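Pasting the structures in now, so scroll down.
Two complexes, one shared chain (subunit A), two partners (subunit B, subunit C).
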Partner chain A sequence: MSADLLAILRGLPWTVALTLGAFFAGALLGVPLVAARQSRILPLRFLAMVFIQIVRGIPPILWLFIIFFGLGMSVFPISPFNAALAGLGLIAAANMAEIYRGALASIHFGQWEASSALNLGRWSTLTDVVAPQAFRVALPSAASYLIGLMKETAVASTIGVSELAFQGNQLSQLTFRGLEVFALVGMFYILLSLPVAWLSRVADGYLQAKVAR
Partner chain B sequence: MLPSLEELSAWLPDLLSGLSISLQVTALSLLIGIPFGLLLALGVLAKSRLTKILALFLVEVGRGAPALVLLQFIYFGLPTTGLTLGSFTAAVIALAWNTGAYTSEIIRASLQSIPHGQREAAVAIGLNRLDALRYVLLPQGLRVALPALLAFSILIFQGTSLCFTIALPELVSRAYEIGSNTFRYFPALLAAGVLYASISIPAALVVSHVEKRAGSYAQR
Partner chain C sequence: MDGAVLHLGSGKPRMSRDNASAANGVASADERARKPLIKLDKLSKHYGNHTVLDGVDLEVMPGEVLAIIGPSGSGKSTLLRCINYLEPPDGGHVTIGDISLNAAAPAGRSELSTLRRSVGMVFQSFNLFPHMTVLRNVSLAQERVLGRSRRSADERSMQLLSRVGLADKAQQFPGRCSGGQQQRIAIARALALDPDVMLFDEPTSALDPELGLEVLAVMRELAETGMTMIVVTHEMSFAENVSDTVMIMADGKIIEKGPSADVMRNPQEERTKRFLRAVHDR
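Here is the complex of A and B:
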């Protein structure tokens, strides 16, 4: 049992690295994406919308295959980890852009009007007035997306990234004790999501308290 | 890079039959999973401690573990207890569990969103608990839950792609097989992607339309 645990634990750093890497890539790339999605230039807005829809319309496992087998075998060789990072980062960018958009939409229109009455420019309205409020709204959804993304990284096992699900798969083939092994793997994912959920609640409470003052 | 017309016409029957398996798994998972989700939601809201704990356990595991791990747990894990399932059955059980866990939260939230007066009124006119649920709470609750349930259905449709790992010949498996036979991975996978997108994107547009309408209904 403890040997099983250790064997599966070897996948933990990969799961964590993949989750955090894809999340930060997505959180960063999501910003220009949502800016394009809300742009006043129609073709740009349309392109961003199409991009987001296409990325979200195709299952993650297929994105990883397209990048790893499709591009990796014919255009440029890519390691499984980088392929998974690229694929999941792409998906995270589209989803984070939608989260940002929802948060921006939740800010009352009066905030924009008040800013323009104070003669703030478009940029400082965004960075000084709207974004700090939107950040607070986006935080809980971003945290639950982070947990979702963490579970999504399990698909990286299909292209051979040696993360938790991959280690579980190997171990179950080695020992023929699939029941315990996969129960353990599932438990690891659940345990991993607990600190994120807790941190999100703490951060949310802190930010809410700042507003309430 | 792009598949030629001859290739497409050679691959399409294979890909389409894979798509049909994906759709069958989706439909069955939803058909079993959503009523299961309703049961789980009622279980979580139940007064009996045992029911509550059991329902909470099923919900938390079904939501907390990745769908891929649930699939492999049922397909590779259960045979060690002597229960061997075909990949189609295993896929439906795992995804129905996943569906049940997620939809139970959706349904529970929408049942709790109904004003308390509705429940009190149902008691006042002498409806028992089952009738109150059936005639008063569910019709209102499901209307609130509908957009979220539809959005989740798209996710389950995409989730069927995970069944690749348990050797179910669905869309991704077919595309991968074509790729490994012809070494034309990119065009074959791209064709599968177009098929997925051609269902998910219109479905997503329908969902956002329903969301807007449901929103205006709530405001009225």
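Here is the complex of A and C:
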């Protein structure tokens, strides 16, 4: 059993790396994406909208196949991990852009008006006034998306990334003890999600106490 | 709730008479030489087919306190918001000091910035920044717009917060303050940019009467310092006792305008009489 545990443990860093990598890529790329989505330039806004719809409309597993088997076999060689990172990062960017958009929409228009009346300028309005408030609104949705993304990384096993689900699958085929093995793998996913949920609650509580209205 | 609230009983501001007469056109020679601080020419604003402002002409002298009253939907707030282009008018001219904007042409960013620099605004719903301390609320624009250092901005903020009686709230967040306190902070925040004119958009309408009083007291003190003020309000006692000039609006037009005592006690227009009667009967 401890040998089994060790085998599964080997998948853990890959799952963590894939989750965090894709999430931070998405959180970062989501910013210019939402900026384009909200742009005053119509073609740019349209382009961003179409991009987000397409990325979110296709199942993650298909994106990985398109990147790994499609692009990877014909256009440029790509490792399974990089393909998974690119695919999930892309999806995370689209989803984070939508989370940001919702958060921005929740900011009372009076905040924009006060900023204009104070002559703050676009950059200061955004970075001093709107973004910090939007960040707080986006935090719970972003945290629950991070947990969702963490579970979603299991699809990377289909293109051969040796993360948790992949290791579990290997092990169950070796030992024919599928139930125990996959239950154990499930435990790992739960363990990974706990600190995220806890941290998001702490952060939210802290920020809420600060600005309690 | 200290200092600021205690001056309700004081008389009419010293300078009000001259200003009122100047605004009224019965001015002495040297008063006539003074230019209006704010001048609106044929200002108009439409939402689709609906006319909100119907060619409004208005002059406000330096130091004048003008109260705008009238039924809801009369265009009072829109007029106020057109003065600092929070809502761009679509016809006419806005002149503040040396800056003049033609509403027919789209306003450039630097023109807008110059215009807004001389105008402070206070909103009905305060619109403080909830994620910043009270001090930061007042200091932020001083640093970003006037380029003051953090220290000198904070110093100025503390002066202003003391003036509105809220120095002890500097490190609190706005959410911990009452509505009346929040509005007084908003006044300090607008004053921090040293505006030439202050616009008030129904500053007490979101407050219960008691909290409204402390805001009105701060506004009265401000009027006494000679600040030029345009106040959209439903507070008839403020219009009558603090403002120099009262202007009644209905349907996007000025119905009547004159020295506050005259308009409030002896209105000439039928529409004004009807409005004031409705207010008094309430």
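Here, the second predicted complex is superposed on the first by the 212 of 213 C-alpha atoms of A that agree within 3 Å, B and C clash if a C-alpha of one lies under 4 Å from a C-alpha of the other, contacts with A are read in each partner's own complex, and residues count from 1 in each chain.
Heads up, the rule we're going with is that a contact is a pair of C-beta atoms (placed from the backbone, for glycine too) under 8 Å apart; a residue touches a chain by one contact, two chains touch by 3 or more.
The shown structure was predicted, so the numbers you read here are calculated from the model rather than taken from an experiment.
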Message = Following the superposition defined at the top, how do subunit B and subunit C come out on subunit A, clash or fit?
response = fit
Ask   = Taking the superposition as given, does A:118 touch the first partner, subunit B, the second, subunit C, both, or neither?
value = second
Key: Superposition-derived comparison: subunit B or subunit C, residues of subunit A touched   = B
Task = Look at A:128 in the shared chain and tell me whether it touches subunit B only, subunit C only, both, or neither; answer first, second, both or neither.
result = second
Ask   = Which partner does A:79 reach: the first (subunit B), the second (subunit C), both, or neither?
value = neither
Inquiry  = After the superposition on A, what does A:136 contact: first (subunit B), second (subunit C), both or neither?
reply    = second
Inquiry  = Between subunit B and subunit C, whom does A:178 touch in the aligned arrangement: first, second, both, or neither?
reply    = first
Message = One more residue to check, A:106. First (subunit B), second (subunit C), both or neither?
response = neither
Query = Upon superposition of the two complexes, what minimum C-alpha distance (Å) separates subunit B from subunit C?
reply = 21
Key: Complex interface listing, subunit B residues touching subunit A   = 1, 60-61, 64-70, 72-73, 76-81, 158-159, 161-162, 164-165, 172, 175-176, 179, 183, 185-186, 189-190, 192-193, 196-197, 200-201, 204
Query = Which of the residues in subunit A come into contact with subunit B in the complex?
reply = 53-54, 56-62, 65-66, 69-71, 73-75, 151-152, 154-155, 157-158, 165, 168-169, 172, 176-183, 185-187, 189-190, 193
Ask   = Can you list the residues on subunit C that touch subunit A in the complex?
value = 84, 86, 113, 116-117, 119-121, 123, 125, 127-131, 140-141, 144-145, 173-176, 189-190, 193
Ask   = Along subunit A, where are the residues that touch subunit C in the complex?
value = 108, 110-111, 113-114, 116-121, 124, 128-129, 132-133, 136, 210-213
